[in-house]
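Heads up: the structure comes next, in structure tokens.
Going in written order, the chains are labelled A, B, C and D, and every chain counts its residues from 1.
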Amino acid sequence: MIKAGIIGSTGYAGGELVRILTGHKEVEIVWYGSRSYVDKRYAEVYQNMFQIVDAKCMDDNMEELAKQADVIFTATPQGLCASLVNEDILSKTKIVDLSADFRIKDVSVYEKWYGIEHKSPQYIEEAVYGLCEINREDVRGARLVANPGCYTTCSILTAYPLAKEGIIDMSTLIVDAKSGTSGAGRGAKLSNLFCEVNENMKAYGVASHRHTPEIEEQLGYASGEKVVISFTPHLVPMNRGILATEYASLKKDVSWSDVKEIYDKYYQKEKFVRVLDEGVLPETKWVEGSNYVDISFKIDPRTNRIIMMGAIDNLVKGAAGQAVQNMNLMFGLDEAEGLNLVPMFP
Amino acid sequence: MIKAGIIGSTGYAGGELVRILTGHKEVEIVWYGSRSYVDKRYAEVYQNMFQIVDAKCMDDNMEELAKQADVIFTATPQGLCASLVNEDILSKTKIVDLSADFRIKDVSVYEKWYGIEHKSPQYIEEAVYGLCEINREDVRGARLVANPGCYTTCSILTAYPLAKEGIIDMSTLIVDAKSGTSGAGRGAKLSNLFCEVNENMKAYGVASHRHTPEIEEQLGYASGEKVVISFTPHLVPMNRGILATEYASLKKDVSWSDVKEIYDKYYQKEKFVRVLDEGVLPETKWVEGSNYVDISFKIDPRTNRIIMMGAIDNLVKGAAGQAVQNMNLMFGLDEAEGLNLVPMFP
Amino acid sequence: MIKAGIIGSTGYAGGELVRILTGHKEVEIVWYGSRSYVDKRYAEVYQNMFQIVDAKCMDDNMEELAKQADVIFTATPQGLCASLVNEDILSKTKIVDLSADFRIKDVSVYEKWYGIEHKSPQYIEEAVYGLCEINREDVRGARLVANPGCYTTCSILTAYPLAKEGIIDMSTLIVDAKSGTSGAGRGAKLSNLFCEVNENMKAYGVASHRHTPEIEEQLGYASGEKVVISFTPHLVPMNRGILATEYASLKKDVSWSDVKEIYDKYYQKEKFVRVLDEGVLPETKWVEGSNYVDISFKIDPRTNRIIMMGAIDNLVKGAAGQAVQNMNLMFGLDEAEGLNLVPMFP
Amino acid sequence: MIKAGIIGSTGYAGGELVRILTGHKEVEIVWYGSRSYVDKRYAEVYQNMFQIVDAKCMDDNMEELAKQADVIFTATPQGLCASLVNEDILSKTKIVDLSADFRIKDVSVYEKWYGIEHKSPQYIEEAVYGLCEINREDVRGARLVANPGCYTTCSILTAYPLAKEGIIDMSTLIVDAKSGTSGAGRGAKLSNLFCEVNENMKAYGVASHRHTPEIEEQLGYASGEKVVISFTPHLVPMNRGILATEYASLKKDVSWSDVKEIYDKYYQKEKFVRVLDEGVLPETKWVEGSNYVDISFKIDPRTNRIIMMGAIDNLVKGAAGQAVQNMNLMFGLDEAEGLNLVPMFP
């Protein structure tokens, strides 16, 4: 059994890690980290875990955790993992960091968008960007994996094959994304109250959201050019789900089948990426609770644009599910172990 | 592998059966019955099943189904199972009927509340009422199981130990129940439209809901007396979940611990019944997607009443999950196989 | 023009007061009190008021307010109004207190249920319980009106005529109430976050909710006997609305028409109470945004109980609307001025 | 009093017309048309109108209606108004058509996008496109007003000043719009069921939605060039509200203040258009129940794009409210009469 520790286990992503790992045959959770609930029984924080998880919450002691765990998941705000990681820890354990600390290779870009100093830039190069479908081989050998963001996972995977194959004009790429409210975290903030979110819809972080440079960097690798995009996230009155609607001008005259072939080239063997049939558009509910990415697209001859759409569950493929997928790769397990989650409908 | 056929596989309960059985190690679904979608691919009806289920929907041919399947689930409106079942079919296969046809032992009560003639009353006596926690032994040997209703499962299990032990005055029992909208089915009805249900709450079927006699009959067996209750269902703007709030006068002077002991006597070994700690009240979200029943209670010395509360996922413990639990018992499998579903939060 | 001041104008009830008074022909708001947002423009707190309200939020200075305003609304937590009111203030202005401070005539009951010392018990007797339909004449002459609670308004009005006429056995009265989340206020609390409330339903404050003694006191006056009830509030994933389902044993053999006649005796001339036609049950959405109370009932001969149901918008008839109705009475205006709000559907 | 008749009064837009006109001082509704509910009391269809509207629903007899009414609102599916209107009717009454029949000047464009033959193309030229803020003068003199679509109202008003002033490159304009579910109408369709919409988000009508040519035509007039856009509508789990997020490349180097000045040039005197302060983004909830359009924008120097955002209540400014605004203009009334609706929050 692989021993796993979770720092930040009482946030929504942390809770989802617990839910998924509880059903994982090769993993045992040995550390439910939660600075806010130290010594409180985990099942009192998340009553759904009553009679399933018996443990109490523990403080964030990464040194100690490194001794006890084979893998540490850090489901914490930006800066924490970078401030704690060191060679001693990495020599004893593997880390899947769900924060943004090691996602962006250019430390100045990170520091500019996140507004904090990076405390361990020496590990940025080593860290592998854990978008499994793209960096699978590198993940296998990694000690430190930077688990992608929720918006970024959805946005990148939806456009990746077309960026890679040079079908779309990257300078025209616009990503209009919509997210359920669990993406905003479990903090007691006025703007996340039920009555503020329910029956409401808004954009936020326009032209300034932190996931922007992450998408740009990865699609830049794919397309081989510097990519600068418009990215607009929106808050939707639902618990889970991200839908990304992406617009780009086509560089070639292609048919639906041509584009489908390109998607298939990259995703046909991917268990967790489902390219939908012609005319079927992704809906977040169809992937809820699962690790799937559902992708579809429509060619618009009137504007010579292609509209790509992708849907994920932000807490699964956008966070905890992908983290477990990365862990499976890092430990040589079946990549889908623990992730055979059938989407729940309704 | 047990071969399972589902009649009514495209309703919400049928869809949930597919979701659960897909993760069941000992079962293979061989028949996706759906009169409305014959020949349509199942995954086109429920897009969440894309690349998971490849089969097409088939008509309701129970004769043929009986040849091919070891167990048939009928997730259909009242009357269908009773009109089709016969000795030949029961000699070849087992049936778990999710409709009300075989739940009520007194056929005249059934015919009065449901307003239809019972087409095969000869099987009523044989049919086992499939509330596993209460009738486990009988279910094991059954050919025909009447899977309990959603409201009834929740209402009965919440009050059962106290009724059985004679702690409460059954003539004072009032069940005020609240249900998510999936309980209303997938029919295209005006009253189930999003804009009619959302931001709204109402009672319906007051003093006339069909689940009333089912609760009365089972609690009558438990208490050893004729039981007549007030039962009021309400529609709640959420997809899943039933919460039953039950009121009864206490016949004895009991403390919280006394009552907890009684609950424990019946449920401590039950995997799917969780009696909560003192002061913790059930919430439907804490059981969503799982087969759990969460139960709690509060003694009110001011009124000498006890207020019992129970929560289930109406599609799981209230329908498909319990049906699979019954099937597991009927085939001698681990009762929890396929049902180790961790509640999803949020 | 009547000059109105609001203490607590940035809570949900305070915001609703502003919405309603903005459309009131005889009132001008001169003081937007909000301790949390002093000097911030009101429309920055409630952006719906952009270009409608130009004022800034002010501190809670009741002495000064009394000089400037003809009427003060205190939409504040328990204890505040009682701690500030004095003879000097009451000699200069009228007060409609939306908190519980002056609702309960027995100060020991108040102090027991609310757990705080009452700072000005000398005004309790003078204060008029502002349930307009019942205490209209007293309200007209009042200096200090105790505006009823949201649950209590709905619960009392639904049962009042039957309590008054001795039709129901008060010792059997059970009120099972369901409320939208705005009733929980605008505080940034974990339990009110969107993801905690959405897709969830729970009871809370079982056998201990503070609105209980208020209902008991008023229905006690009506029935002429000491009343002790079971009252259970529930939280519903919707913004607005309260539905009360009330159960009581009938003391007489009555028909639907008999009971309707009793309701009509008390409510036929009431603009804001609508007793529905036979077979029509109240839905919270049908009163949303309005000052209506919709009431219906069903007689159950099987149990000899009557099930009464009432629905209100908790922020209007349950708070701000009723406060304005009280103000209209206190100033001799048309009772409905500013309250001709047509329910919004959907 | 102006006598108004409504054809299609039991759809959501029709119901909103009734709600608004009920509060309009100069209007009396004389005809509640509803083919589906002929002879049924209107308040039985919309129970919120109980004791407010006493009338029964009537059939669609436009000839008779023209005799009785000074103005007819047709809140009906495409094709109906065009099939019924004639010179005799227009000589007796004015028409505000909420369908698309007379919105598009090029009949071949209409017939292509709507897939039906236009039955009275002779009135297309005469009909005035009733976007009051743009065509106010023409509306005043009109007999026949084509009330704009919900998406189009929001999309056009959000971009109009910038299109008109030549600030943005129209060939780059992309409109990503999100709508509450009331926009889908009150038809009993599977896809509009609560459980299908709730907790779900999807795009639909991608590159093919019928509101596209309407937006293109109007923005074409504004910019003086042929406009072809990408328009993607999305369905959001909320009752009301449209949010349009619009992207375009800037043709000039402008600051936030420059652009604000342009918006102010067109909208400063407009009661129902609110251009928000810098940094404030529109939210649909802030306009719910009102006739406001809230607009904001952000300049992104990284991409040289401007992101414009607009929010409306689809049933008010997007349908019934604008229809009443048009009627007010047509009859020389105060343009805001009946429309002083304060947005309801929460």
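Heads up, the rule we're going with is that a residue touches a chain if its C-beta (ideal position, glycine included) is under 8 Å from a C-beta of that chain, and two chains touch if they have at least 3 such contacts.
Note that this is a predicted model, so its numbers are computed, not measured.
Enumerate, in label order, the chains that touch chain A and chain B alike.
Both-contact set = C, D.
Taking mean CA positions as centres, which chain lies farthest from chain C?
Greatest centre separation from chain C goes to chain A.
I want to compare two interfaces, A-C and B-C. Which one has more contacting C-beta pairs?
Taking the two pairs in turn, the one with more contacts turns out to be B-C.
Based only on mean CA positions, could you tell me how far chain C sits from chain D in angstrom?
A distance of 36 Å separates the two centres.
In whole angstrom, how far does the Cα centroid of chain A sit from the Cα centroid of chain C?
46
Chain B to chain C: how many Å between their CA centres?
38
Mark out which residues of chain C touch at least two other chains, giving numbers and ranges.
12, 182, 195-196, 198-199, 237-240, 283, 285, 288, 346
With touch defined as at the start, can you tell me which chain D residues reach chain A in the complex?
172, 174, 176, 178, 180, 195-196, 198-204, 206-207, 228-230, 232, 234, 236-241, 243, 245, 247, 281-285, 288, 298-300, 302-303, 305, 307, 309, 311, 346
For a test of understanding, state which residues of chain A touch chain B in their complex under the given definition.
12, 15, 19, 22-23, 46-52, 182, 199, 239-240, 274, 276, 280, 283, 285-290, 294, 340, 342-346
Mind pulling up the chain A residues that touch chain C in the complex?
12, 181-182, 186, 188-190, 192-199, 237-239
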